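Chain naming follows the written order as A, B, C and D, and within any one chain the residues start at number 1.
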Amino acid sequence: MGIVSGDWVESRIRVRYGETDQMGHAYYANYLFWFEVARGDWCRAHGFTYTSLEEKGLFLPVVEAWVRYKGEIRYDQEITIRVRVAEFKRASIKFEYEVTRDGTNGVLTQGYTWHVLMNRDRKATSIPDWLQAHMTTTAERDSADGA
Amino acid sequence: MGIVSGDWVESRIRVRYGETDQMGHAYYANYLFWFEVARGDWCRAHGFTYTSLEEKGLFLPVVEAWVRYKGEIRYDQEITIRVRVAEFKRASIKFEYEVTRDGTNGVLTQGYTWHVLMNRDRKATSIPDWLQAHMTTTAERDSADGA
Amino acid sequence: MGIVSGDWVESRIRVRYGETDQMGHAYYANYLFWFEVARGDWCRAHGFTYTSLEEKGLFLPVVEAWVRYKGEIRYDQEITIRVRVAEFKRASIKFEYEVTRDGTNGVLTQGYTWHVLMNRDRKATSIPDWLQAHMTTTAERDSADGA
Amino acid sequence: MGIVSGDWVESRIRVRYGETDQMGHAYYANYLFWFEVARGDWCRAHGFTYTSLEEKGLFLPVVEAWVRYKGEIRYDQEITIRVRVAEFKRASIKFEYEVTRDGTNGVLTQGYTWHVLMNRDRKATSIPDWLQAHMTTTAERDSADGA
């Protein structure tokens, strides 16, 4: 339990035409879809899938989301979404996100999401040890490098 | 079983900003969301809800969809989606759709969807009599007018 | 410039099937679409449309969004989204939102969005007097009641 | 002008959680987003981008879409979308699509879309020679292999 600085896991996404709006850039709700893709990749980088979590009867619904849109993101651009665990409590986890793009300086978008771990009865449940271990250790693909 | 000309049921929808794309009109996939809204209203007009169908263990997944985009639809425009049952078989139903807009002539969009009635085991199942009756009779809100 | 307590404007939305996810309730990104619908209705209640703003070369992109998901929202449920201006600065506006549902107590979802007023050159621009006036006065449909 | 059998270009997509619905599989409208991703990749495989087309003042709005959903597609599954040009006329192009998944037999989804080439005035315009050439030749990544 506490503040952690888990490793960043990176996802690459190309912006879809249907994700733009008439202002000519990506519509603000679509970033939350991208954050979800990044969380899925974070799980995979740590040796499990979100699907396997649900198969065990565990769910991670979002209870809070925050996004700061600093730079525009447009159709067909390839962006990188970095995600890491920033904090966790007995039954909840905070992920944080940074969106960048090759050829641009700085972070285009920042965000975080808080999740509660729920069981099949939709009750909050303690984060199991194995999942807690994943949050405080380095992702597998990094450890493969000897990190 | 056969070709029917069920009554049209109308839904009103206002186009969302997030439904537009950078070309400045509604993105083509979003029409299928609107068709779904129309189907939900069709159920309600016939005295039941799609939710009640699922609670009985019956599902109506789409197995085929077709859309003909004839006129542009833009942000904040109020459109009318008309839906009716056009045909049905032992375990499948075809809905057809027309999208119009006040102040414009003709139909802006046409479409149809074919659905198979499935049970909890994801097997096709015969359309029950009560549902079949709904497809061949007039919607309740019309009959309330003495139609 | 300052903290305001603008009047609440209400929108009614029925949750679409395509807005749910396999967890069985509305996917977290879709709330941001609903907030946008509410902002459009807020404009209309104040005697203008967001489209008319864009026609004047003014845009209100979102620069920050926050959502607190407290209760589940499910398919076909009719929800009410209340929106009001909470604060504004020279070139930016904060809207806040509350989502409720008939038959349930309390607020199911809270949120806010910060917007910057931009001109055609994508530069921040001062909120014109007429728009500022709208933010501090009561919505038209209320004033029609003599409020 | 005529029926062509252009080469297939393949895209890989992983299904997002937000693309599922409460029935537990991908919502039917989302396939049209995937087809669009495949079209973007088709352009890239032929040495241009759809963005470059729009920069030339040419647009390819969809005027007709058809999808046949034969097998379920679920969260986190990696699917392959194959796209090719099937037919073209003076100012219109038909793409066809097949969705498959590793470890399953056969095509899970089939579809086509018809597009009209439009200029900035939203008038249909003849397909330029260079674009027509792309439709009848093999994609670059194949020709790089000496095909």
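Quick notes
Here, a residue touches a chain if its C-beta (ideal position, glycine included) is under 8 Å from a C-beta of that chain, and two chains touch if they have at least 3 such contacts.
These numbers come from a predicted model, not from an experiment.
Looking at the partners of chain B and chain C together, the chains they share are A, D.
Seen from the Cα centre of chain D, the chain whose own Cα centre is farthest off is C.
Across the two interfaces under comparison, C-D and B-D, the one joined by more C-beta contacts turns out to be B-D. Note: centroid distance chain C to chain D, computed from Cα atoms, is 36 Å. Rounded to whole angstrom units, the spacing between the C-alpha centres of chain B and chain D is 26.
Residue positions of chain B touching 2 or more other chains: 17-18, 23, 25, 28-29, 32-33, 36, 75.
A complete topology is adopted by the chain contact network, contact being made between every pair of chains. Interface of chain C with chain A (complex): residues 23, 25, 28-30, 32-33, 36, 59, 61-70, 72, 113, 122. For chain C in complex with chain B, the touching residues are 14, 16-18, 32-33, 36-37, 40, 49-51, 75-76. The touching residues of chain D, counted against chain C in their complex, run 17-18, 20-25, 27-29, 75.
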